[in-house]
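So, here come the structures, one by one.
Here come two complexes built around subunit A, the first alongside subunit B, the second alongside subunit C.
The block that comes next holds the complex of A and B.
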C-alpha cells in the first residue's frame, strides 16, 4: 500500500495533477479493504451461491453423480418428517436458551451492580466459564450428568434418585440448554452490567422520593432504559443458539431419538455422515433463511419495544 | 442502586451469589480433581469432592494414547496465526471504512456486513468441496484461511471500524500536513491508538479459533492434524465409551492455561469482550 502512494507523480501537470489527494485516498481505501473484500467474496458469497446451486441437485458421492433436479430437494424438505422434529427441537432449544440465559444474565448483573466488598471476585468467577475451552466444559458436564455421575451422586446423598439426564428426552434437552447457558451467560451478564451502570442515578433518587418500591423502580426505570441492551443480547443469543453444534455432538449426538437434534446438527449428519450433500445444502439454505428472518424481525421490533437508543 | 445495604441484606446477597456460583465454578473443580482420581474412584458414592487417592498416570496416558503435544501445537499455532491475521485484515478494513472516503464505500461495507448474517455453518458444504478441489482437506489451511478472510473476521472489522470512527479528524490532518501518506498515518498514528480495540479483537478471535469444533471434524481426518477440541473426544475405549479420567486430564490441560491467563489479565478480558459486545 505504501508503494501505491509513493508512486504518486509529484511531477505531473501542476495545474491538475492526476494523483489528487482524493484519488490517492480512493486507491488507498480500496487497497486497505481488498483483503477483506476478496475474502468475503471467496469464502462467503461464492459458497453461498454454490450452496444454492448444490441445493438444486441430487449429489451421489459414491456413484460420483451430480444431477440437476430442480426443486426436488425442497419438496423433500417439505415432506421430511424428521425435519419437523428437528425444527421443533431447534425452537425449544433456542427459546429455552434465550429465556434462561437473559433472565439469569440480568439477575447476575443486578447482583453484581450492588456496592459490596469483593464484588469483582464474583464477577470474575461468574465470567470464568466463557474462557474455559468449550469442549472441555462440555465433557465435564457430560461426566457430571452420567447416570452415576456427580450430580446424581449429590442428589442421592439427599435421598433423591436423579434421572439418566442425557438419555431421557426432556432432561436431555434441559441438560444441553443448561450447559450452554452456564458456559456463556457471563458475556450477556457483562453487557447488562455495563447497561445498568449507565442508568442515571438521579432517576432512582427521584423515584425513591416519590415512594416507588424497588420492584416498581426496576420495572419502570431500569427495564425501559436497558431495553436496547436486552434487544442486542437477545439477537446475539438467538443467532448464537442456532449455531450450537459441539455441545450436541459431545453430550447427546442429537438423541435420544431426535429430541436434541438441532438444525445445524441435522445438517452435519445429512451432509457429512450420510453424504447427502444436495439435501445438506438445502438445509443450509433453510438455516440461512431462518437467521435472516430472525435478524430482520428483531431489528424491526427495535422500533416498537425499545424505549430509548443510546 | 440503593445508597446503603443493611447488614442482613448483605448476608443474603452474599449467600445468594455463593449458591449461584456453584454451577459456574464447580465443574472446573470437578474436572481438575477427577482427572487425578483412579478410575475406581471416579464414580464413587458419596462423590469425593476432594480426591481420596491419587493416580497421576492419567496424565501420562493422555500423551501415550494420542500425539497430544502435536495436537496442542496445532491448536496453539492455528489460533496464533488466525489472531494475528485477523488483527491485520480487520484493522486495515475497519480503518478504511471509518476514515477513508472512497467510491462505493457504503456498498462495499454492506457486502462485508453480509458476513455477519451468514453463519459459517451455512457455507460449510461448499467450503468443504472448494478445499477438497484445492487439495487442502486434512490440512490446516481451511481453519486458518476461512476465519481470517471469511465471515468470522467481519465482526472484528466492525469492531475496529467502530473504534476508528471515534478518532478526532485533527490528528490525521496534522499528520497530513507533516507529509505522511495514508499508510503511514494508519501505522504510525491510528494503529497505536487502537490498542484497546485490537486487544478485544485478539481475545475473541483467539477464543473462537481455540474452540472451533465443527470445522476441524469436517476438514481433518488424521490424529496428527487434529486440534484440541477434536482430540479431547477421541479418548475412548474399545466400545466407544469415553475414558473419563483421561478425557478429564486432557480437558484440564486444555482449559487451565487459558483460565490462568484470564485470571491474570481478567480486566482486559472482561472489558475487551464487553466492549466488542456493546458495539456488536
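The block that comes next holds the complex of A and C.
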C-alpha cells in the first residue's frame, strides 16, 4: 500500500489521501441509507421527542397557551377513571384480533398450500381486501352491520333475527375485530404460505414412513419450522392492533359506552376533540411504552417459541 | 467600445428588471388571501359565497377569499387541528354548541367595532337573543349568520296511506301534541315505513333531542351552566317518553336503523328548515312543514345557530373582520337568508322570507320560521362541550336498549358531568 501510494504521489507527500477506499465506501453507504435515515429522524424521532415535550405541558390550542406543568399530565393518567376501561377494551381487542387473525391466516395458508388448479384465484381473492382502502372497507361493513343491514337481512332469510351488531357491547367488539381480521388476514396468510412452502418435503415423507398422522406432522414439523414467521406475524399483528383507529371511528365511535374505545381512539378524543393536547401526548407516550414492552418481550421469548433462526 | 455597450445594456436591463421586481414585491405584499372554513359543500351555498367574495373584491381588489369545506360531523375537530398545526383559517364558521369554547378562549377577534363602523350595517337590529351566546364582556366575537328554527317535515302520502291523522289536521283540531305525533308515526311504522326521525341524532349526537325534550321543559344543565339537570323530573319524563316511542311504540327508528325521510321512507322528520333543499325533485311526495308539537310544558320552539368568527391569530384579522362585516351587511344577509335565516329584524317578515324561500308557503313561513326565530331557545352549549357531549353520549348508550333504567342512567350522567360543568 505504501508503495502504491508513493507511486501515486511522485512528489513524495507523506500523508495518506483523505478519500481512502474505505471512506468512500462508508460515504456511499451513508448516502444510500440517508433518505431512510432522514425520514426516520424527521418523521419518527423528532415527533417522538416533541410528543414527550408536549406531555409535560398544558397546551390550549384555542387560547394559544402552552404552559409547563411538569408531571401533572402523568398524575392525571394515574387518576383517570376511564383509562382502566379503555386499557381493558384495548387488551380484549388486541387479544381477540391476534388469536383470530393468526389462526385464520394459518388455516387459510394450509388450505391454499395445495397444488390444485385455480388455487391462485383463491389466494388472490383472500389477499385482495389488503389492498382495498381501509375507510371504504369499513364504511361498507358499517352498512352491512346495521340493524336493518345486509347481514341481518341474510340471517332473516334463514329465519334468524340477528343482533344489533354495533349497538351491543359484546357484538360491537366482535364486529370491530372481525372487520379488521377480514381486512388484513390476507397479509399474514401470504407470509404463512411462503413459510409453508419453505418447509422441506422430505421431512413429511420421513414422517409418513414413520407412520405419523397428519395432525402430528403439522404439530411436529410444520409448526416448529414456520415458528419464525409466527413470531414475525404476531409482532406485526399485535403492534398493528394497538394502533387501530379508523375502524373504531367509522363503526362505533368507541361505543356503546366505552366498550370499543381503544387507547388510540381515546387519545384522539382527548387531543383533537377535547383539545387536551398535553394529556393526549401523555397517552401516546403510554401507548409507545406498551408497544415497546410487548415487542421487547416477544423478541425475548423467541428463544423459547422459535425453533430456529436463520 | 463593445465592452461599454454591453455594460450599459446590462445596467438598463437590470434597472428595468429591478423596477418590475420592486413593483412585484409591493403587489405581493398588498395581496391578501383570506380563507374561511365552512361545513357546507352545497354548490348553491358556495356559489352565493363566491358571489359575495367577488363583491368584496370590487372595493378591495387585493383581497381574495376562498372557502374550505370541512365535513360536518368532524368540523370542529378538523378546525382545531388546523389551529394546533399553526394553519388556522382567517375566518371560521362555529357551531352554537362550541360557541362558548371559542368565544371565551380569546381565539376570536372582537367584531363589534368593525361592524358598528361599517356603513349601513345597523348592528342594533340584530336581536340580542341571537347574539347572546357570541358575546363576552359586551363584545361580539362571532356574528350569528344563521338562526334556523327546527321544525317537522311531514310526508302526507305515507300518513294518509297508513290511515292516520296528518299534522295539518291535528293543528286544525288543536291537538298537535307529542302523544298524537307519536301515534301517527307509530301507525306509519306499522305499515312498514319509518315513523319519526330526529335527523342528525343517530343515537350519538344527543343534543338534537333538545327538539323533543324542550317540550317537557327539560334541559341538560341549569341556565348558568353550573348544575346538571339531566336527572330532574322533566328530563326523566322526556327521555322515558322517547324511550317508549322507540322501543315500545316503534314510532322512532331504533339504534342502528337508517331511515331517510327525504328519500320518502319516513312519516316525519325533525330538522332545520334549511334542509328543505333535500326534498326530492323527482318522484316528489306531498310534504308539509309544521311547528314542533306541543309537549307537557306547552308550545315551544328551538333554533340552531351558526356564527362566523375571525381568528385572532391570523395575520389579516382586520381585513377578515371587514369581510365579515361585508358578508353579513343587510344586503348580503338578505341573500344569505334563503339558506340561513337571518337574525336581522328587517329580514324577519313574511314577504322577504317568501322571496328567499320559494319552497315554503306563506303560512309555513309565518308559523314556523318567524314565530320559531322569535320565540325559540338556542340548542344547548357549554364550555368544554365536546368532552361533556362524549361523556353523556357514552352513558346514554345504556338508555338506548329495550330494558333500560332511565332514571338511574341519568343520575349516573349527572355524577360524571357535574364536576365538568362547575369548571
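One rule holds in what follows: the second predicted complex is superposed on the first by the 277 of 310 C-alpha atoms of A that agree within 3 Å, B and C clash if a C-alpha of one lies under 4 Å from a C-alpha of the other, contacts with A are read in each partner's own complex, and residues count from 1 in each chain.
The criterion applied here is as follows: contacts are C-beta pairs under 8 Å (C-beta built on N, C-alpha and C of every residue); 3 or more make two chains touch, one makes a residue touch a chain.
The shown structure was predicted, so the numbers you read here are calculated from the model rather than taken from an experiment.
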After superposition on the shared chain, which partner residues are touched by A:38: those of subunit B (first), subunit C (second), both, or neither?
first
Touching A:256, do we find subunit B (first), subunit C (second), both, or neither?
second
One more residue to check, A:272. First (subunit B), second (subunit C), both or neither?
both
First (subunit B), second (subunit C), both or neither touched by A:63
second
Chain touching more of subunit A, residue-wise (subunit B, subunit C):
B
Considering only touches as defined above, state whether A:148 meets subunit B (first), subunit C (second), both or neither.
both
In the overlaid three-chain picture, which partner chain does A:234 touch, first (subunit B) or second (subunit C), both, or neither?
neither
Which superposed partner A:157 touches (first subunit B, second subunit C, both, neither)
first
Find the residues of subunit A that appear in the contact set with subunit B and again in the contact set with subunit C.
146, 148-149, 272, 277
Subunit C residues touching subunit A - in the complex, by the definition given at the top
76-77, 80-81, 83-84, 101-102, 105-107, 203-204, 254-258, 312-313, 384, 386-387, 390, 393-395, 397-398, 400-401
If we count contacts the way the header does, which residues on subunit A are in touch with subunit C in the complex?
59-64, 145-149, 164-168, 253-258, 261, 269, 272-275, 277
Touching subunit B in the complex: which residues of subunit A?
1-2, 5-6, 22, 24-30, 32-33, 35-40, 42-48, 50-51, 54, 107-108, 111, 113-116, 122-137, 139-144, 146, 148-150, 153-154, 156-157, 178, 182, 186-187, 190-191, 193-194, 204, 214, 217, 232-233, 236, 239, 242-243, 245-246, 249-250, 264, 267-268, 271-272, 277, 280-281, 284-285, 287-288, 291-292, 295
Could you please specify the touching residues of subunit B with respect to subunit A in the complex?
1-2, 5, 10, 13-14, 16-17, 20-21, 23-25, 27-28, 30-31, 34, 43-47, 89-90, 92-93, 95-97, 100-103, 105, 108, 111-112, 114-115, 117-119, 121-130, 145-146, 148-151, 153-154, 157, 181-184, 186, 207, 210-211, 213-214, 217-218, 228-230, 232-233, 242, 244, 247-248, 251-252, 254-255, 258-259, 261-263, 266, 269-270, 273-274, 277-278, 280
